[in-house]
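Structure incoming, see below.
Lettered A, B, C and D in written order, each chain numbered from 1.
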Amino acid sequence: MKKTAWVSVLMVLMILLAVVPALAGCGKAEETTTTSAPTQTTAGPTPTTAAPSSTETTTAQMETLQIGVILSLTDWFSVVDAAEKMDIEYVAQMINEDGGIKVQGKSYKVELVIEDGKSSLDGNTAAANKLVLDKKLKFVVGPGAFFNLATTPIFEQNKVLHVANYNGLNPAEMNKDTRYAFLGLDPITQQSAALKALKLYYPNVKNVALASEDATFPAFEPHFRALVERTGLTLAGEPILYATQAEDYNPIAAKIKALNPDAVWMPIGIDPTYFGIVKGLRTLGYQGPITFPVDAPSVVGALGDSATGIVGILSKQVEDPYIAAPMKRLLLMGDPKRHVFGLAPNALYLLKHAIEAADSLDPTVVRDKWETLTSLPTLYGDGFPSGNQLYGLPNHAWAHPIPVCLINDGKVEYKPWILPDVTP
Amino acid sequence: MSDMTEIDTTDIRLVPESAVGQEVAQTKSRRWPGLSVLGGLVLVLALLPLGISGSYYMHVLILTFFYVVIASSWRVVSISGQFNIAIGAFMGIGAYAAAIPSVWLHWSPWVTIPLGAVAATIVGALLAYPFARLRTIYYAMGTLFLGYVVINLITAGGKTTGMSTGLGGVEPLFSDRTYYYYLAFGLMLVSLACMYRLEFSRIGVRMKAIAQSHQVAASVGIGERRNRILAVAFGSFFAGLMGAVYCHYQGVASPNSYGLGATLWIIMYVLVGGINSFWGPAVGVGMLLVIPEFFFRDLKGNLPYVTAAILLIIAFTMPEGIVGLLKAITDRVSRRFRRGEVSGDAP
Amino acid sequence: MFVELKNITVHYHKSLAVDDVTIEVPEGGVVTIIGANGAGKSTILRALAGLVSLTRGQILFQGERIDRLETADRVRRGIVLVPEGRQLFPYLPVITNLRLGATLRRDRAGIAESLEYVFDLFPRLKERAKQDAGTLSGGEQQMLAIARGLMANPRLLCLDEPSVGLAPIIVELVGDVIREINRKGISVLLVEQNAHLALGVAQRGYVLEVGRVVFQGDAEAIRCSEMVRKAYLGG
Amino acid sequence: MEIAVQTVINVVLLGVVYILMGIGFAFILNLLGIFNLAHGAIFMSAAYGCYLLVVKLGLPGFAAFPVTVLAAAAFGILVERFLFRPMKADFNRTMMVCIALSTVLVTTFNRFLGTRALAIPPFLAGTTGLGPYRVQTDRILAFCIGIVLLVGIILFVDRSRWGAQMQAVTQNREGAALQGIRFSRVAMLAVSVGFGLAAIGGVFMGTLYNLTPFIGDVTLIKVLMLVILAGLGSFNGIFYVGGLLGLLYGALPVVLPGAVVDALASILVLALLLIRPRGFFGHE
């Protein structure tokens, strides 16, 4: 009997152990990023929770438009997507504050239906099915990266207009037959900004070493090679590939160093890999510039004094004097020091303007209109279509000015944003 | 304690000692209520698409059917005393054997699905061969590693396998989900029938005998290695078949659906349901897949807490899984019942 | 009485192994339990050491009930079992095996003294102190097992089949060792199939058959008993 | 030449981390028969714990390191007492408990700290000259601490009372009980030492590389490989095999691209395993 008492006490403890963080987690979603930035006082008067209550009164009479969002909130890709969730919610709030999405004289309040893609193709399939079958949504934002492999067929079959944050260039994700697929940011265009910035600020660079995560690389390879050529550079040696799930990136760094390139270009990967390689390269005494998509404070925080000679693209910071107005507004809606990936929020922003341009809530009408548009506002300024030939679709993939910064000795210097080259 | 030598350094009870053929001995009258419940369930599931056609729950149920078969096939391997941590890999072999010809050669799904099942069976049996001399925890560790190697090979396969991102564009079998529902449901019924037949056949009893004591089994002329490989081949056939159908249904094949994590969850389904009972895997899938999907999906990032809590509760309160607990309860009830009628049962 | 097992009943894997057995060991005495294989002799020792729990009955040590105590607490009181099959630590050197015997002792001087004593008793072990226990011969392993038991500074040393699998000459040696141990004032409870050896060293004995005591008395009385002669002494 | 020097350093460091993790895992496996699938999560949690102590509480690295390790060891005691012991060494149940524990830890860190890649600030900043080559000072420090710890572990296992008791329990549980060794205490010690060692590995990895809530998974696989190949019940084997794995994963990426490394390394290990299915150094 003493045993059973023990067991029941344990059970209660276990349940508490499981439930308390769950509940705490629900309430504290906003705070997840503030915790990683100790210097919150510099933010200035930026109410994080006051805003929704004030807008609720004005939007109360509006009808709502549900927009699906697929993000991976659990498992490995959540390193990216957990932050995206917060920002896309801010963008929705921003749209609602501005009076929602206006279609045929009516205003629709945006309500996001966020589903967890679980960082796997299976999880994304389930999420897409849930949005399409259960919620009967007509517009979906996301998912990011190669997860579109799983979701594109479902959306196409059900004629759901879907705007991916970013994709893996796999033909199964977007091709001439996927007429409902749109893309918030064309990855090749984005990378052209990296090379352009590199050439601009380091004119002596003649060749670059390309280091990339291996799984998605085959699809990107020809485009990256063409891009290097278009920018007037050459590749130093063959591309260096590494597994997504390596622990130690020093061997990769040593390999890059052995090529002795003028600069290093890392177009695909996630933060841990970038940081690992940069740290390794700097330790080895490699002096040349390194370019990759960054979040400036994260880079400085994680790399310390190894953060030098970095040409970063896509860092969004309030102190950036060149920052586009919508992006600045987004940053000020929460802790401005948080890490903004800004891909899914941008996709939602694009979608809003496309719907308004088409003046319809029918995905097919919106699609037909969107295919005729050549300019749309984005969070980063004026967007333009890119990669029409690459995807075989007119105006489905979009690009926009890219933020650029130089990081030297742990100090960030913001540079004018670069207008990337249009991908054919 | 003369048999001390045959117990390995770690004295681990991998497959609980269930009485051989205990369930065969059940009297017919006791099986009746169970059968009628089963029949009712089959009927409800067969008619369900009329009500939920085109809803998300249909997707969940289709997945459920797949995983019931896969978890059951793992349990079939386990009745021969083999704690095989490579079942996900066998499923993956089936899936990729179907997906690669489908994507690159545009073969019909009706060809690639059987191909996947056969490939998984053959590869499964071949790979089982060198491991058949291992027992208990050595076998578990060896197969765990085997699964890891298979997934690594898939991941290193370059464009052919799509590497860690997965292979997209696998041709669908049907355009209507209802057909998938009936296909998966039908396959589940047939597979479960086959497995039931095997488990309670002579071969199944032999496998259980091997699980309890390979020496005793050998002494009565049961070929250990042969029966163990047979169990793995049988299990991997169903795992491969379901893997192949699964990848055609999802339209993609990706290594992380078949890796160590996926395999461990399949095993968790069985352990939660009860490894000692034929219906354990089905109940486990219901507990760990259907319940979270139906009722807790909106928790999103917090969903793992629910599954962890389920695991802990079961581990603490039901050592033999849910079905084990139910069985203990019905046994107690029926014993009390019988005691009222007939007194003085022989021990 | 020094050690008393009062009316103990033990089930082993749900089957009855020992049924209502009473055994008494006087202080400083040598008591033996003889019986055929599977009679439940070892089970009695295992129950005394706390490796199996009692279904019924009591175990008293100097009048104090110990049947609820953990094995370690019984060892601390001085009840030490040298198990059947020796149960050495095969991949540890002899000296470490011996020191592990003194796990619960804290008196450095006392441990050193015991070590000296067992090395005196078994000079072979001193020669092989650095060797892994698993590499010793059968006889040496038995010596080591007894020596390890002595390292705990026992007051009652229980020996489970010490002669099993040993050459006759070594069996004799075991007998000598038991007498020597007893001379130091340590009580001994000896379980044996080899009744010659057992009755040669014991003052009292119990004969066990299928979990029950069928005969008990002085060693001499047992040796003379018709039944025991027939069953265990080969004539 | 430089690449060779760097590779040697990488190999040695990775080897040290693998050995630390592997020994902890093996303690738990050999003594309790528990396949501790939460070992990677403990490793990850410790790295995050150290990060929180350094960055949030402002503790100096040299203080945070031991605090983290002790906290992990204390957590090990709790886990043994409240999660492992009630399972009565039932393999299936302990597996469920380990997976649940790992899920809870990973999810919690992912919920609260998962939105960006973090790194523990270096204990000693900068680089040190090693002849003509430069090496991160932290790596040298980690290497030195690692070697000291490994020597410490060897001494602990071979020379100390507790080490002897742990080995005794591994080799013969009942025999050990008869010497008055309390299994529950040794088990508690094993789990706590195991978790402590995992924490040391985690802090090393956290300073040298980056933190995400999922770093544990990759390392767990390596540890499983290590223990499988070394064989059950073997402590020495882990040192050799840990070195081998360090060599495979430190040197192969230099010559091979991406996923081929994992594939080749695991095939090599599988081949070795087929020669000696019970591992190379385990006791039969």
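Operating definition for what follows: a contact is a pair of C-beta atoms (placed from the backbone, for glycine too) under 8 Å apart; a residue touches a chain by one contact, two chains touch by 3 or more.
This structure is a prediction, so every number in the text was calculated from the model and none was measured.
Between the chain pairs A-B and A-D, more C-beta pairs are in contact across A-D. The central chain of the assembly on a C-alpha centroid basis is D. Separation between the centroids of chain A and chain C, computed from CA atoms only, is 74 Å.
If you average the Cα atoms of chain A and of chain B, the two centres end up 38 Å apart.
Taking each chain's centre as the average of its CA atoms, chain A and chain D sit 34 Å apart. In terms of their C-alpha centroids, the spacing between chain B and chain C amounts to 50 Å.
Looking at chain A, one finds that residues 7, 10, 18, 21, 25, 74, 78, 82, 214-215, 243, 245 touch two or more other chains.
Shared contact sites, meaning residues of chain B that touch two or more other chains, fall at 155, 163-164, 301-302, 304-305, 308-309, 312, 316.
Counting only residues that touch two or more partner chains, chain D has 86, 104, 107, 110-111, 171, 217, 258-259, 262, 283. Contacts from chain B toward chain D in the complex involve residues 8-14, 16, 83, 130-131, 133-134, 137-138, 140-142, 144-146, 148-149, 152-153, 155-156, 163-164, 260-261, 264, 267-268, 271-272, 275, 301-302, 304-305, 307-309, 311-312, 314-316, 319. Listed in rising order, the residues of chain D touching chain C in the complex are 161, 164-165, 167-168, 171-172, 174-182, 283.
Residues of chain D touching chain A in their complex: 2-3, 6-7, 10, 13-14, 55-56, 82, 86, 104, 107-108, 110-119, 121-122, 125-127, 134-136, 139, 205, 208-215, 217-219, 222, 249-254, 257-259, 261-262. Within the complex formed with chain B, the chain A residues making contact are 7, 10-11, 14-15, 18-19, 21-22, 25-26, 73-74, 78, 82, 114-116, 119-122, 125-126, 129-130, 133-134, 146, 149-150, 152-154, 157, 168, 170-173, 214-216, 218, 243-245. Per the touch definition, chain B reaches chain A in the complex via residues 54-60, 63, 155, 158-159, 162-166, 168-169, 172, 175, 250-252, 254, 256-257, 293, 297, 299-306, 308-309, 312-313, 316-317.
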